[in-house]
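Please find one structure pasted underneath; my questions will follow.
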Amino acid sequence: MTEAWPDIAGRMRGGTHVLPVRVYFEDTDFGGVVYHANYLKFCERGRSDWLRLLGIHHHRLTDLVFVVRHMTCDFRKPARIDDLLEVETKLVAMAGARIELAQEVRREGETLFAAAVTVALVDGEGRLRRIPLSISASFK
Amino acid sequence: MTEAWPDIAGRMRGGTHVLPVRVYFEDTDFGGVVYHANYLKFCERGRSDWLRLLGIHHHRLTDLVFVVRHMTCDFRKPARIDDLLEVETKLVAMAGARIELAQEVRREGETLFAAAVTVALVDGEGRLRRIPLSISASFK
Amino acid sequence: MTEAWPDIAGRMRGGTHVLPVRVYFEDTDFGGVVYHANYLKFCERGRSDWLRLLGIHHHRLTDLVFVVRHMTCDFRKPARIDDLLEVETKLVAMAGARIELAQEVRREGETLFAAAVTVALVDGEGRLRRIPLSISASFK
Amino acid sequence: MTEAWPDIAGRMRGGTHVLPVRVYFEDTDFGGVVYHANYLKFCERGRSDWLRLLGIHHHRLTDLVFVVRHMTCDFRKPARIDDLLEVETKLVAMAGARIELAQEVRREGETLFAAAVTVALVDGEGRLRRIPLSISASFK
């Protein structure tokens, strides 16, 4: 299946992961633009596919899961129905259980939304867990 | 907390459960009306609170969960931002692992959306499980 | 942009439109599977991209919009996080203001969700409007 | 209808608006907890009902709409299915076209999510518009 849709998880451009995202009805609100919380969904799709391209699948993490701990969000310009957006994801820093990422949602090169995101690796009880070498090595 | 918000799970009116639902930005799309799939969310809230008022909590079901197997949906009139809707839920039939419900979403008494819903009780592996007497008795 | 992501609107296979859909965190619920109402979102994405490939853009319809009037839904098997699904959309019938479609959500060829969908073309006041020849001709 | 459901838009407690929010299936993800972007939905419901209780309805704003420009989000502890949460909304500052708010999502008095939110009043073209006296007076 993945062979049939080669770009489905986006692509790496230099050190930046790029995922295309189409704006559908479900993403808009009655103001005619993308509902603000949905940019966070787009960013989460970008992070998931960035990890996927690095070979880090949710099921490979077994009991561990990356959760968002902090997010600073700039809503700069509205996206609209039918827009083809690109979500860019870049690693900024990594230490212990935490990863810092810079993410942007762009349309034709223009930044519509920008976020600084801190995610942490936690176990089933929500306790912080140091990122294993097998994973941190993939980020290099 | 529940005492502070007495109507939070709706009310029984005769044999029908009624849950108020406010339409927020998140529920609308750029057409200016409620996005069609969100009526299914409203209905699921109604079913959950109907079970809640009957004393059937998700955590009481432990390994078992009610899942939707079939749904027939009539989208009659659009709901809009700020509308105060009522979700009505009525038991139609019950047999084995299955429950049939009639649900409507209304505004000032007018039906905007109507659905016939079949839910089934399944275990963690997705196998059908006969509805236990402790639960079916609550429906009478 | 569209050239950079050639498959972003799916592909026609014979008379059937096929759109790949990845399952992300946002699509799942605490039961570990795709939340039932989200299959309707996947189907709406399929319909939008089927129209897009036929050259019928939302903005080309100006005041007119296709809305869902009726839907019969079979939830057969659960989709899970990381699944790569395919949404299939096929025209069944067309008359006046109405179009009937058969849609399926599949994983590795297996049908997880099937729906019969009736959409209607309406104007800004919600009145039915006969599908113009320029559009109905595209469906042939 | 509003008389039938007196608490549907929450209540003022001192200068703070409090809105109860139940966690349903739709709000959770396969990690078993509330999906992170949904706290932003809960906060937007809180802001809408805070404005509603102040007598500022979306339709009263005619061409004007409040949009989120900036948001800093702390995800502290996870909320779970069936939780009854309270969204607290407090005015922090107001100047020109902008309002700053402090919002928290709490469970039994414990803060699960905290956000600093900047919203701005814009017209149909997205241009900043000074908050009219009729509205700013309501905030006092």
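Order as written gives the chain letters A, B, C and D; numbering starts at 1 within each chain.
Methods note: contacts are C-beta pairs under 8 Å (C-beta built on N, C-alpha and C of every residue); 3 or more make two chains touch, one makes a residue touch a chain.
Keep in mind the model is a prediction, meaning the values are calculated, not measured.
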Inset, instruction - Name, by label, each chain that touches both members of the pair chain A and chain B. - result: C, D
Inset, instruction - Tell me which chain's centre, taken as the mean of its C-alpha atoms, is farthest from chain B. - result: A
Inset, instruction - Quick one: report the Å distance separating chain C from chain D, using the average Cα coordinate of each chain. - result: 33
Inset, instruction - Express in whole angstrom the distance between the two chain centres, defined as the mean CA positions of chain A and chain D. - result: 25
Inset, instruction - Would you pick out the residues of chain A that each touch at least 2 other chains? - result: 25-26, 31, 37, 41, 44, 81
Inset, instruction - Please give the residue numbers of chain C that touch chain D in the complex, ascending. - result: 25-26, 28-33, 35, 37, 80-81
Legend entry - chain B to chain D touching residues, read off their complex: 1-2, 4-9, 20, 22, 24-26, 41, 44-45, 48-49, 52, 57-59, 81-82, 84, 86, 108
Legend entry - Interfacial residue positions of chain B with respect to chain C in the complex: 31, 36-38, 40-41, 44, 65, 67-75, 77-78, 126
